[in-house]
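Following this line, the structures themselves.
The two complexes that follow have subunit A in common; it is paired with subunit B in the first and with subunit C in the second.
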Partner chain A sequence: MTGLGMPIARPVSPALVVGRRRIRVVAACFAIAFVSIAARLVDMTMQRPSEPRVAGGEPVPANAPDPRRADIVDRNGELLATNMRVPSIYADPAQIHDIDRAADELAAVLSGVAADELKRRLRAAKRFAWVKQESTAAEQAAVLRLGIPGVGFRSTEKRVYPRGRLAAHAVGFVDIDNQGLAGLEHAAQAVLVGGAPSGKAPLVTSLDLRVQQVVREELLRAHERFHTKGAVGIVLDRETGELLSLVSLPDFDPNQARRASADSRKNRATGQTYELGSVFKVLSTAMALDSGKVALRDGFDATEPLRIGRHVIRDDHAKKRTLSVPEIFMYSSNIGTAKMVFAAGGGEALRGFFERAGMLTKPVLELPELAKPQLPKRWVDITTATVAFGHGMAVTPLQFVDAVAALAGDGTRVPPTLLRRAPDEVPPRQRVIEARTAEDMRWLMWLTVEKGTGTQVRDTGYLVGGKTGTADKFNPNGRGYLRGAVIASFVAVFPLEAPRYVVLVMLDEPRGDAGSRGLRYGGWTAAPVVREIISRIGPVLGVPPSSALARAEFEDRLLTAQRGQPGRRKEAWVAAVVARD
Partner chain B sequence: MSPRHAAAGLVLVLVVAASVFHLKYVVLGLERELVALRTAIEDERWRLQQRRADLAYLTRPDRLAAQAAQLGLRPARAHDIVALEGIGSRAQLELANTPLEVPLPRGGPGVLRARPVAPVTGR
Partner chain C sequence: MIALPRTDRTLVGSWWWTVDRVLLASIAALLLVGTILVFAASPPVSERIYGDGTRFIVKHIVFLGPALTLLFGVSLLAPRGVLRLGVLMLGLFTLLLVLTLFLGLEVKGARRWLIVAGTQIQPSEFVKPALAVVAAYLLSRRDGLQGAPEAVALVGLVLFVVVQQPDLGMAAVIGFVAGLQLFVAGLAWPWLAGLAGLAALGAIQAYLVWPHFQQRVDAFLDPHSVGYQVEQALRAVTAGGMLGRGPGEGRTKFLLPDAHADFIFAATAEEFGVLACLLLLLLFAFVVLRGLWGVHRAADRFTQLAAVGLIGQIGIQAVINMAVNLNLVPTKGMTLPFVSYGGSSLLALAIAAGMLLALTRRNARLEIDR
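== the complex of A and B ==
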């Protein structure tokens, strides 16, 4: 300041200028930062007062793997097993003011929840406890109406079986964590939980629900009528090896598998072995004929019981005379069958044949419940004789059906499956017997139905061949056999002019009634069930009724035999020599 | 750096920052929309699944069979199926419908009726 009061312009230091400029830049930066924060605050508080919330369930992140199990369907796409999202109820005990009251109110609206147990659980937990897993929508609404703070919902996945018991043993069931425990659910676990992240393809089974329903319905009827302990029904497509039906009674509801008894969960068709009795004569006779050492025209003396050591073999339907091979088969002669097998090579030949037919090893199927056959330790003469007519060796019904499918078809077999096979997916067929032997077997099975022990299966509209079986039931808790308890069975093939389907019905301890004349034989108990099954599933499977021409071909063979032996007893026509080239 | 350049740079930075800020929020919004859409699709899939299960439950063969029985329907059997060649022609049916009077050996007239066709199918 000068004496005149005028300011004196001092030169500004360059450092000061730079300093001021830097201050301004920093101030500007701070201003920008504060404006940005202010803008963000405005954005958050005014424009977006809250984060977007999506109703109904957790947000689904992109590319999240699909945790659901794939559906299981029948061969026509009908649903057998699927998943549903169900609410589960949980509680945060720290937020519940009065645990006793809350537990009482919750137990009052939730089925299967006990108030005392719930109180104990809520007191034991700190911040989380399940109130009820897998509740219903109605229960969820009821809990919401209670308005108890600290009670919430989580969506959980539940496996459901809309068809209930219909295919319970084949489909199986899962545990509470959706891990397969039985049936296809267990065997195909990797396939069911693997696959693409979105849209898993369903597992397509070979079952046909329409056939399954018919078989189960008819078996249930027989189950009630004959007061059986159990029953098995199998329908196999012998062209492809696909199982169209697999029923085991008693069965269970897979939706409530944990409540089912161990007995009802047992799959008798694949997981239990039985001595099947005379139906085994299909195998023994096929072996004898295929060996070339026994011909249809041959006869075997069945006048007296057969003695082997201290054992005596008798016939249930004794004719007390020499029987031809067709007679032995259609009248189910134990004596004749045993002698026939000895003539064809005995135990060694029979064992080798069973091996070719897959009867000596554990069956192969997409199920975990598979039982090994129970084989004799030594194939001595008495063993060979009893095995020939179905005693002394126990196999699963599935294994037996598989073998019959080869013998009554073209002599070849293809492994059975529970999964649908396209025509080009059918594995190579293995030859078991010659085609000509298979043709003879079909004729013998037809004779059994037309004139033998299986006449109850006539009148289905189809040419049917079959064999009856009635076996004493092995005592699982001791030695020998149960007194008065039998396994009655019938195996059938239809239509015989182009054999496609094999049907087996097995009844465990049937009791005869007035309709069966008090008899428990397979021909009187299991055979009528097979008749009903065939006459109902034939149209469903699109099988046209057998023509009179096809029937005439079988009858011609019979007439040829009749003309060769005129003047014999009524049943002697089957004993006649059969023209076989 | 001149003040002018500094100011221009600052404005540029501000514009870029604002653009990035805006872009980020647009992307966040789209992501939220995507998640919402995915969740909605998932919900619809579950609903569809539920409907399929309901349909399967309601069309249980035993339930349909019971309802069919109430309507007087019964399962088809092989005998109900007739081959086309097993059905008579109109001429055959007319002939069968026309009684033919013939003299009987013991005297007096008799009436003959022709069968339409011999069954080709069945037993």
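== the complex of A and C ==
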């Protein structure tokens, strides 16, 4: 090959020839490299044609159809829960040039967004991270002014509770994805999101915001004054079973439910059971009278403490004499009530009565927060005796109110509800006791308010019947009861001449102050709250003040009873208010 | 210019008839395309750095004049002139290169830049072509590979300084060019294998010593994360599709810190489409292969080796840059020759291209006195 036949005489060095050969190799290598790159280029466009070609390829998360939840309103159409379209701010971290700077700038204009936390989230996410969900138009404008690439907005539907804490436990709240988490929002989830997406009819509750407002206000005052651990206020329309008010304290703002403590989110009215104490005597007395084995005139010896096995049942301020049924009720005698129940059939009879009143099973209501009653395992004598005066059986305040509603009216009950019922929607009434017994019960409850432990509730302008309760609190951490810690309660029915509304106020561990004479008893702590509630909601509900005639009927019956008890001193009936129920 | 008669024996006349006009046209086309793309890709970066979107465009055009002048001027030289220029450049810029270690402007942890008379220059860019020419001379001075030790020693010295900066991209290109020249000079295959092993060792060493290098390799090997710039580049390429979003419509350039320089290829893909990128790729391939074809006819070893070195330098830079843009290799800061914005890079490449044109002229040969 060396120069043979080549036109140039100059000899070509062997090294130059080797070089030429190798240059061909180099050319081939470069050609392969270029072809690979070309292949890669084509491959990239062919394989990923689905990548969005708009707005910098921002990955828009699948925008699931945001189901518009129906509004929730009170019985008069006042808004309790509604929706607002608000911008939510998100970011594609991959598109943000300087995450630190972007996070600092965003945190500066967005309330409730911490720069450090945002940085961490933006770094952790690959292509999508929320910067702030449920922001405001003003904040959206501020973020737009920042002009940070990779930050975008989605219009989302935010659940708003215009009344805030007012009906927090009943209405409940939703999570960030608008799924009901508590209250009606959870229980009625399917109803709220079902049906046509627009023009949905609101969910009408049984609540009356005017009543709810009063109950919460008065309850909150007591809650703060007596430093209670919790408080419950319930107003039930016994005609229809509608709950006009359901308050549990402490409460929370459902607009910021995630920040609320678990304790404040707890619905004490329906989701917590309590040993309610002497208010239970309303039930045991009604049972005894309804059994036909005990009459109002009957007397029971309360001279000695009642011994059952190794247990001794005492009265706190024992009268040490024989007491009539009205006296037992008025003075809230434990011995007398227990003996009365035994006379009426004991444990079996009491259990059967509770069953009829719907107190042995979990309450039924349109709420997820419902607690099963805690019942005695066996209805032996000692258990029966204690349950008769409200210990050894724990129920939700709701269930108790439901039972009282039956006893204080005509002896029938309607399942309670949180949704408005038209008159024709009221389910058939179930009889719990005879109408005659219910009439006796009303008179006994009136007596308690007029002459007994409930005199704090006298001056409302209405004929009110009620019963006080002060229960020692069971020690959850050990055996026995906590000393000094009580559940103080008062249950009332008004107007007695045509009983319609049942009001319960329950205070968990009130600490007495000077105004209550240092006493924590239901008669001094819970009863005044009930008085305020009744005198304020009576006019709102359109209840006319009780007439003198109606009052006279109850007075007459008292006088008749007194006359029918010859030999008994008058003072027995008009005795000074007993300090302890 | 076509009017020049073949009999014209003036400097320019003989140049016109002997120079590889096709290669010249291709390089001119690359410069033109580069200018257009700097127009397209640089404003956001410029805006970000200077608050003025036109800064890079103006500078690029200002450099274009001197670059074209240098290209033309250098291509007029005979091979001996090229050698002299190479020696001169190597001496001057190696000195400056050493100075960068002490006086250099520190940018992102590396000292690569010197400020001379108010402008930043990157001496290593100029050292690159000069070294290729001088190494070629050292190799061709003796028969066979007898000149190799001297050439290797010289390259090793320059490499040492470059690594001190540190500028691994530059070192890789210089090493590749030297290896290419040794290969063409006829280095036996076992030696080549040894050289490749040495390069691999160097890479491993670099991986262990420099955290940023380690990070980039790790990012490349991790299938779930490619670095930020590469991710943006990939999105730009896919977002553009075959025909692109259209001139000025690109968005990635707002997010790519180096849209005007190292990632101009991706910015091109987004605005002008993959088709345009393929044409650009074709242009580079043409320049490299046409250049190699020219070198293939070289009459002496100096022109052969020097020209191969220069082509190799342009080719490898183009290949690495495009491969990085398409995430075929780990991120390595490297400009796309003639296309990317960059003063020093542009001028040095103009000189390199001028040398290449000079060396591929018909009848170009260097008589070496032994």
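Note that in this section the second predicted complex is superposed on the first by the 473 of 581 C-alpha atoms of A that agree within 3 Å, B and C clash if a C-alpha of one lies under 4 Å from a C-alpha of the other, contacts with A are read in each partner's own complex, and residues count from 1 in each chain.
As a convention for this text, a residue touches a chain if its C-beta (ideal position, glycine included) is under 8 Å from a C-beta of that chain, and two chains touch if they have at least 3 such contacts.
Since the model is a prediction, treat every value here as computed from it, not as a measurement.
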For this session: Go through the superposed model and pick first if A:Ile37 touches only subunit B, second if only subunit C, both, or neither.
Result: second
For this session: Quick one: classify A:Gln213 as touching subunit B (first), subunit C (second), both or neither.
Result: first
For this session: Please indicate which partner A:Pro544 is in contact with in the superposed arrangement: first for subunit B, second for subunit C, both, or neither.
Result: first
Exercise. Given the touch rule stated above, what does A:His97 touch, subunit B (first), subunit C (second), both, or neither?
Worked result: second
Problem set entry | Per-residue contact with subunit A, leading partner among subunit C and subunit B | B
Exercise. Now for A:Ala124: first (subunit B), second (subunit C), both, or neither, which partner does it touch?
Worked result: neither
Exercise. When the two structures are overlaid on chain A, which partner does A:Met84 contact: first (subunit B), second (subunit C), both, or neither?
Worked result: first
For this session: For A:Pro149, select first, second, both or neither according to whether it touches subunit B, subunit C, the two together, or no partner.
Result: second
For this session: Please indicate which partner A:Arg20 is in contact with in the superposed arrangement: first for subunit B, second for subunit C, both, or neither.
Result: second
Problem set entry | Set of subunit A residues, in rising order, touched by both subunit B and subunit C | 25, 36, 51, 56-57
For this session: Going by the contact rule at the top, pick out the subunit A residues touching subunit C in the complex.
Result: 10, 13, 15-16, 18-20, 22-27, 30-31, 33-34, 36-38, 40-42, 44-45, 48-49, 51, 53, 55-57, 94-95, 97, 149-150
For this session: Provide the residue numbers of subunit B that touch subunit A in the complex, in ascending order.
Result: 3, 6, 10, 14, 17, 21, 25, 32, 34-36, 38-40, 42-43, 46, 49-50, 52-57, 60-62, 65, 75-81, 83, 119-123
Exercise. Can you name the residues of subunit A that touch subunit B in the complex?
Worked result: 21, 25, 28, 32, 36, 39, 43, 51-52, 54, 56-62, 78-79, 82-85, 160, 162-164, 166, 209-210, 212-214, 217, 459-462, 535-536, 538-540, 543-548, 551
Seminar exercise, completed: Seen from subunit C, its contact residues with subunit A in the complex are 143-144, 180, 183-186, 228, 231-232, 234-235, 237-242, 245, 251-252, 254-255, 257, 269, 274, 277-278, 281-282, 284-285, 288-289, 292-293, 295-296, 298-301, 304-305, 308, 312, 315, 319, 322-323, 326, 328
